[in-house]
Amino acid sequence: MLAEIFSFKKILPVLVFFGLATALYFNFNDWSTYHSYFYNMTTIDNFSIVFSSLLIGAVIMWLLMAGSYYRDENKITDHLAIICFALVGGILMTSYTNLMMLFVGIETISISMYVLAASDKVSLRSNEAGLKYFLMGAFATGLLLFGIALIYGCTASFDLGVIAGYVSAGNLPQMFYVGLILILSGMFFKAGVIPFHWWTPDVYQGAPTAITAFMATVVKAAAFASFFRLFQMSFAGVAGWWIEILIIVSAVTMIFGNLMAVSQTSLKRLFAYSSIAHAGYMLMAIIACNDMGARSLILYAYAYSAASIGAFAFLIILINQLQTDHQDALKGLAYSNPLLAIFLAVILISLAGIPPTAGFFAKYYLFTTLISQGYVGLVIIAVLSSLIGVYFYLRPIIFMFQHSNVETKLKISQSSLAFFALVTLIIVILGFMPQLIIEII
Amino acid sequence: MDSLIVLLIPLLPLIGFIISGTLNKQANHTLINGLTCGSVFVSFLLSVILFYQLQSGSAPISYKLLNWIYVGALKLDLSFTVDALSSIMLLIITGIGFLIHVYSTGYMHDEPDYARFFSYLNLFVFFMLLLVMGNNFVVMFVGWEGVGLCSYLLIGFWFKNNAYNDAAKKAFVMNRIGDLGFLIGMFLILNKFGSLNYQTVFDLASHAATNDPTITVICICLFIGALGKSAQIPLYTWLPDAMAGPTPVSALIHAATMVTAGIYMIVRTNVLYTLSPDAGFLVAVMGVATALFAATIGLKQNDIKKVLAYSTVSQLGYMFAALGVGAYETGMFHVITHAFFKALLFLCAGSVIHAMSGEQDIRSMGGLRKKLPITHITFFIGTLAISGFPPFSGFFSKDEILAKVHEYNGGFMLFTILAITSVITAFYMFRLYWLTFWGNFRGNSHQASHLHESPKSITIPLILLAVFAASAGLIGLPHLFHAPHLLNNFLAPVIINAPTLEASASFEIALIVVSLIVLALVTYITYQIYVAKARIPVADADEKGISKWVANKYYIDELYNALITQPLQAVSTFANNYIEKYVIDGTVNSFRWLTNTGSLLIRQIQTGSIGLYIFGIVIGIICMFVFKFYLA
Amino acid sequence: MNIISEVGINSYLWLAAILFSIGVMGVLFRRNAIIILMCIELMLNAVNILFVAFSVMHNNPAGQIMVFFIMAVAAAEVAVGLAILILMYRNMGSVDIDTMKKLKW
Amino acid sequence: MSESLLLLMLPLASMLIVAVYNGDKGLLSKGAVAASLISLLASVYVLLTFNSTVGFQSVSSYNWIPSLGINLSFGLDGLSILLVMLTNFLTPLIILATVNREIKNQRAFYALIFLMQFALIGVFTTLDAFVFYVFWELALIPIYFICLMWGGKYSGAITLKFFIYTLTGSLFMLTGIIYLYLQTPGSHTFALQSFYTLDLTAQEQSYLFWAFFLAFAIKIPIWPLHTWQPDTYTDAPTAGTMLLSGIMLKMGIYGIMRWMLPVMPLGIMQWQNLVLVLCIIGVLYASCLALVQNDFKRLVAYASMAHVGLIAAGVFTTNIYGLQGATIQMLAHGINAVGLFYIVDIIQSKTGTRQINELGGIAHNNRLFSILFVIVLLGTVALPLTNGFVGEFLLLNGIFNYNIWFAAFAGLTIILGAVYMLRSYKSIMLGDIASPSSKFETLQYNEKIVLSVVAIAIIAMGICPQYFINLAQPALENIFQLSHLHN
């Protein structure tokens, strides 16, 4: 995978960049081959490849975006090391076939996240975010482990295939179900859905913006990938049992997630709550746990992470230059630097799910899979909550495009403008040619 | 060739309208006169040619301009036919129209918007011709509303004065109410007969059963349209207010042509009306009621034009009575005669007002016969004609109506009312005549000095009209004199199987004698009251009792206002302020409020303390357990 | 002969469950961050017991290997946790988690 | 390259030209007008070479996402060619109308208008449900930004409400489309033809009816769902209001005709009565409100709502008169609405106020303006020989064939229409000269052109509407067949 990083500061980012590019390249060339490593603890199949390429892509974008975050810190090597370490954990989470490997993957990504969340020593908020994330993360891992132990108790093995065989054999003992619920709750915590979402807003707001961006994209995508893989590969047999829980949780998450976001004035916290809402949508993809569900999950993950990277990149610039992430800071942006405003508008529109963008297509494809499975009621709830979503996503646009008398000019360097152009391009391309992703699997 | 004439007749006034419409204010008057009066005169000549062709028994001439709306069963095309009935109307419109054009060259001489006035007049003639010459109901409807538009433009001609604008708006809206009835009637016809062309509709109707309910409803709807246009009982209040327009307008539109459109329409659809007797009865009753009602109001009016306006409403009531009982030719006969003498009276009133430099109240006139001799004589002929003195046209047409109504079974009650109304008509006409032309001058000195006979361009039309008013009776001599009833046989092809109402000879003689005596009596009494004792009607303010009630036109306008406009206004303001804001908008805004407060509430649960968070997680797990193991 | 078959797996199950719930209670009710840390460790060890019990019951070594994994990870976790706690102590002067209430709503 | 695609691409091209070009202001607006005229000429050319007897003309389809059965298929039939013509006819007028008004960052303004035109033509020509939905939403975005950036003081809140209101409807339509998509046999396709041949149970059809009806009713707007309309119309800039009322309204009605009548006739049969009652209440309600409005633009907004309610009622009568009447009245209302709103704009820009009671006596010294105002007014009041009458006559006839009492109540609109239009005309133009209207100097060249083109169109369409009727006849015939075939 990735060589350890040696400490020569200047060329470090470039080195990392190339490292990741090669990883991405290797990733693609062993496409649809099926071989496993570590005594079939992890396998590379299309699902895992697509997701890991998403993760790597997200980290590359992150590197481009968060230049300011790690350039002026002196301990640049540590941060990059942890970031790459977290990426390894993520890739593990997407390509495991063994519960043990799942646990290792989750732990690597979580621990590196605890550190990163608390990395800004000076600010108390980051410290508090780190603490909260650590305590609840550890607690949730405990739950997950207890669940895995119970499952192991029944099936006597960690391999997903064996568990699937055991499940399809029928008449499962009571203990299995208890284990299943505990695993489920562990996974819910990682995904950040309503009954277990408590940490997300505070940690996202507390952690430095670049890290929040990382968390919102890479960690969430990895969490959902592992969630989907686990339940589709092993527990599909007993689907009728756990799907009800998922339906209720996803419905509640979507509605309350969006509702909570409505009255937020700080943009960072707004995006935190919106990430909860989007978690609700991705959960819906898991409900339809067939390959169509997989495709919609991937598409949604791509669209969501592209958009949120763009959004958080903008936040970084906003906070660095105006020291506030209050929404009034956006006033009159369309007139001070129109290009940036247009890019941000496209990003927000994609998050809201309005047609020409990738966000819309992802939501549309999700609704199709669900209606084909017959969950029309859930789709209606999804539609209503996405409406609430539109309500708060459009508010920044109104602030930007309406008050034309404010003259706070954000100094935007050419490179970050190019970055935004790239993000917008990705969103629009995904919006128009989603088959790039859908036809892959 | 003659079908080309049919096209030319309406085309000329249209061209006149377009050209004079574009001329700006400074264009010299002779050019405008030549253009507009010329076009109407040429149309008059052409309609005379057509009249003679029809007279010599040729079939109705028609011309199809273009196919207008072809949708499903509806095959509408803009096409004109001129048959007996429409050729008569053509003559009236173009003839009297031309005279009034000449009259208004003099009357409107010093009017700045000269060109605009004449363009509107020509447009009016165009639409009236369209109405009369259309060969299907929709073309008639086009003319119908077009004429309504022109009356709006002409009444509100002096648009600086807001009262005139209100009168114009009222006229248009009242017509529109009638048009709705007409529209519904047209849909009924289309629905029942599948087409709107007169020919097909009347052929199908002629062998439909009498008293067929739909035909009755059709007739009633068409009658509602006629009510609006010819100002009958419920929808007549716009006509008196329409006097706000210049006098030639009142003469042309509100006396001779437009108001008779309703009668033309009923005569045109006589087949349907003969098929539904009870619709006919309704028409008769409404006609009689309007006649009586308007005549009583006329008694107490002090504005020269208002008196004539109410007399028009009452005469129209007569015509509708005739149509109601089925005497269509008599109705048309009265239309012709009424057109002549009412136009004459209005033009005389115009020249009086012109002479009195704008004064219209008869209480400040009097003794004008010395200063305006020609106007006086022509006015006197008009008064004799309208009150029905034997040699004049009014006598023949009115008596024929009385005779026909008498013959109609159960018509005795109607007959008596009509007789009384004719007495009242004679009374208020003579009252007007004595007050304006006899007694001593009551106006102020400035008016006295200004009094002079109107110029040639005004007096010539007056004389011509007076001649027609006098002689028009000849075309419809009663059987008593064994002369052929020219009008009846001319109209025969148009009127199909109408009921034959022949009054016995003895009754007619009695009628003539009685009416002569009564009229003589009335002239004498009115002479005594208004000239001998010189009793001048008292000022409006201190009218008492019934006369106060009558003077204020039975408070009909105020009644309509209270019944319709006020509640409509109240309902709309209520809807605008309350329903719109709170009920409908409210529901939508409530969603917004709901989400806002909802989010504020839910936000609170993020208290920030880790203990509570973990507690939340544990509760979540417990709920899952409970849900899975105990509920499902 | 293995002790598990005599004593029966249920008792081990109960033991692990009880230990686990004690850990959860500890995390819930205690205010001091270090105590919470220790309770989390307790929970992890309860899971270890369970793993070992099951691995012996199915006599396949995978369970025990899993225990090693868990121990290693737990150690790393505690290290990071304590670092954060020190940081918190330096900033806040106390380890009580209720002081950490700024990020809310 | 089929014509329908050509028509679609032209506005997009003109948008790019305008967005890129940053020359001086005057040239820009002239360029914009020229660009819109080119697309007008193109559509006139297509109109001339169009024989409406054959079903869908110049169909071109490129597959966009084959795996999901979505392909970009565009085609023209009688109905859509008329509406494309309307769009291409009105856009140059709208642009010409704003030529001499000073507008902040004009480039963005014209680019958005052309994007709007592109989306509208897309909606009218597409034969694929998904593409229809995408264009339907795409049309929403430019109008949202136009109203937001150039609107009045409260444009933020009003446009947000408008956006979410319309989006609610269209999202339910999306679920409806997805449901239909899943009903199509085999590998599911979005093609319009495949939707026509679906046989759905009455129950399904009534659910689908509500899903689609909500979206179209909000767009038209039909009575209870109209609260966004008055505020958005009055607050939007003139070009925005013209676009909204002139063409965007027709998307809703076109949607009903193209997607609801043939696809779910049973659903319509069940809810026909209710919808007609709603429409007619809407007509009367809007007319009453128009009576008491003091802001002339708001009055015209309610007036346009009343007319459109009648059109919607006509469409739902599902008889040939109603359909044909609705098509003609759509064209007529488009022209009249643009004319009226432009008059409002002229009055406001020249006298600085829109309040009826403050104005008065403008007709004194500018006759041309009053004549043009009267012609447009007559078109709205549906006087015969104007385009309004043809549509209104057919519509009322259609409603009449459905139920006499509905026609009687709907007929009240011609009376109320006359009342509020004449009242406003009187108090603005006639009477004595009020202080603001004394500043009313003569019309500029572009105002004269736009208003006279509108007036000529009104009269011309009134006298010979048969050309448009023939064009739409075959298309409406087959919709009529399809909607009666099923039951």
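Per-chain numbering from 1; labels A, B, C and D assigned in written order.
The rule is short, and it goes like this: a residue touches a chain if its C-beta (ideal position, glycine included) is under 8 Å from a C-beta of that chain, and two chains touch if they have at least 3 such contacts.
Keep in mind that this is a model prediction, so the values were computed, not measured.
If you compare B-D with B-C, the chain pair joined by more contacting C-beta pairs is B-D.
Of all the chains shown, the one with its CA centroid nearest the global CA centroid is D.
Chain geometry summary: the mean Cα position of chain B and that of chain D are 38 Å apart.
Chain B and chain C, compared by their mean Cα positions, are separated by 99 Å.
Separating the CA-averaged centres of chain A and chain B is a span of 78 Å.
For the pair chain A and chain D, the distance between C-alpha centroids works out to 43 Å.
Multi-chain contact residues of chain A (touching two or more other chains): 131-132, 135, 139, 201-202, 391.
Not a single residue position of chain D touches two or more of the other chains. Touching of two or more other chains is recorded for residues 24, 27, 97, 100, 102-105 of chain C. Applying the touch definition to all chain combinations yields A-B, A-C, A-D, B-C, B-D. The touching residues of chain A, counted against chain C in their complex, run 100, 103-104, 107, 111, 114-115, 118, 121, 124-125, 127-132, 134-135, 138-139, 141-142, 145-146, 148-150, 152-153, 156-158, 175, 201-202, 205-206, 269.
Only residues 21, 66-72, 74, 78, 138, 141-142, 144-146, 149, 152, 156, 159-160, 162, 165-166, 169, 172-173, 176-177, 179-180, 183-184, 187, 190-191, 568-569, 571-573, 575-576, 580, 584-585, 588, 592 of chain B touch chain D when the two sit together in their complex. Across the complex, chain A meets chain B through its residues 131-132, 135-136, 139-140, 143, 177-178, 181-182, 184-185, 188-189, 195-196, 198-199, 201-202, 241, 244-245, 248, 256, 259-264, 388, 391. Every residue of chain A that touches chain D in the complex is listed here, in rising order: 334-335, 338, 349, 354-356, 360, 364-365, 367-368, 371-372, 376, 379-380, 383, 386-387, 390-391, 394-395, 397-398, 401-402, 404, 432-435, 438-439. Residue ranges on chain D touching chain A, taken from their complex, read 64-68, 104-105, 108, 130, 133-134, 137-138, 140-141, 145, 148-149, 155-156, 159-160, 163-164, 167-168, 171-172, 174-175, 178-179, 181-182.
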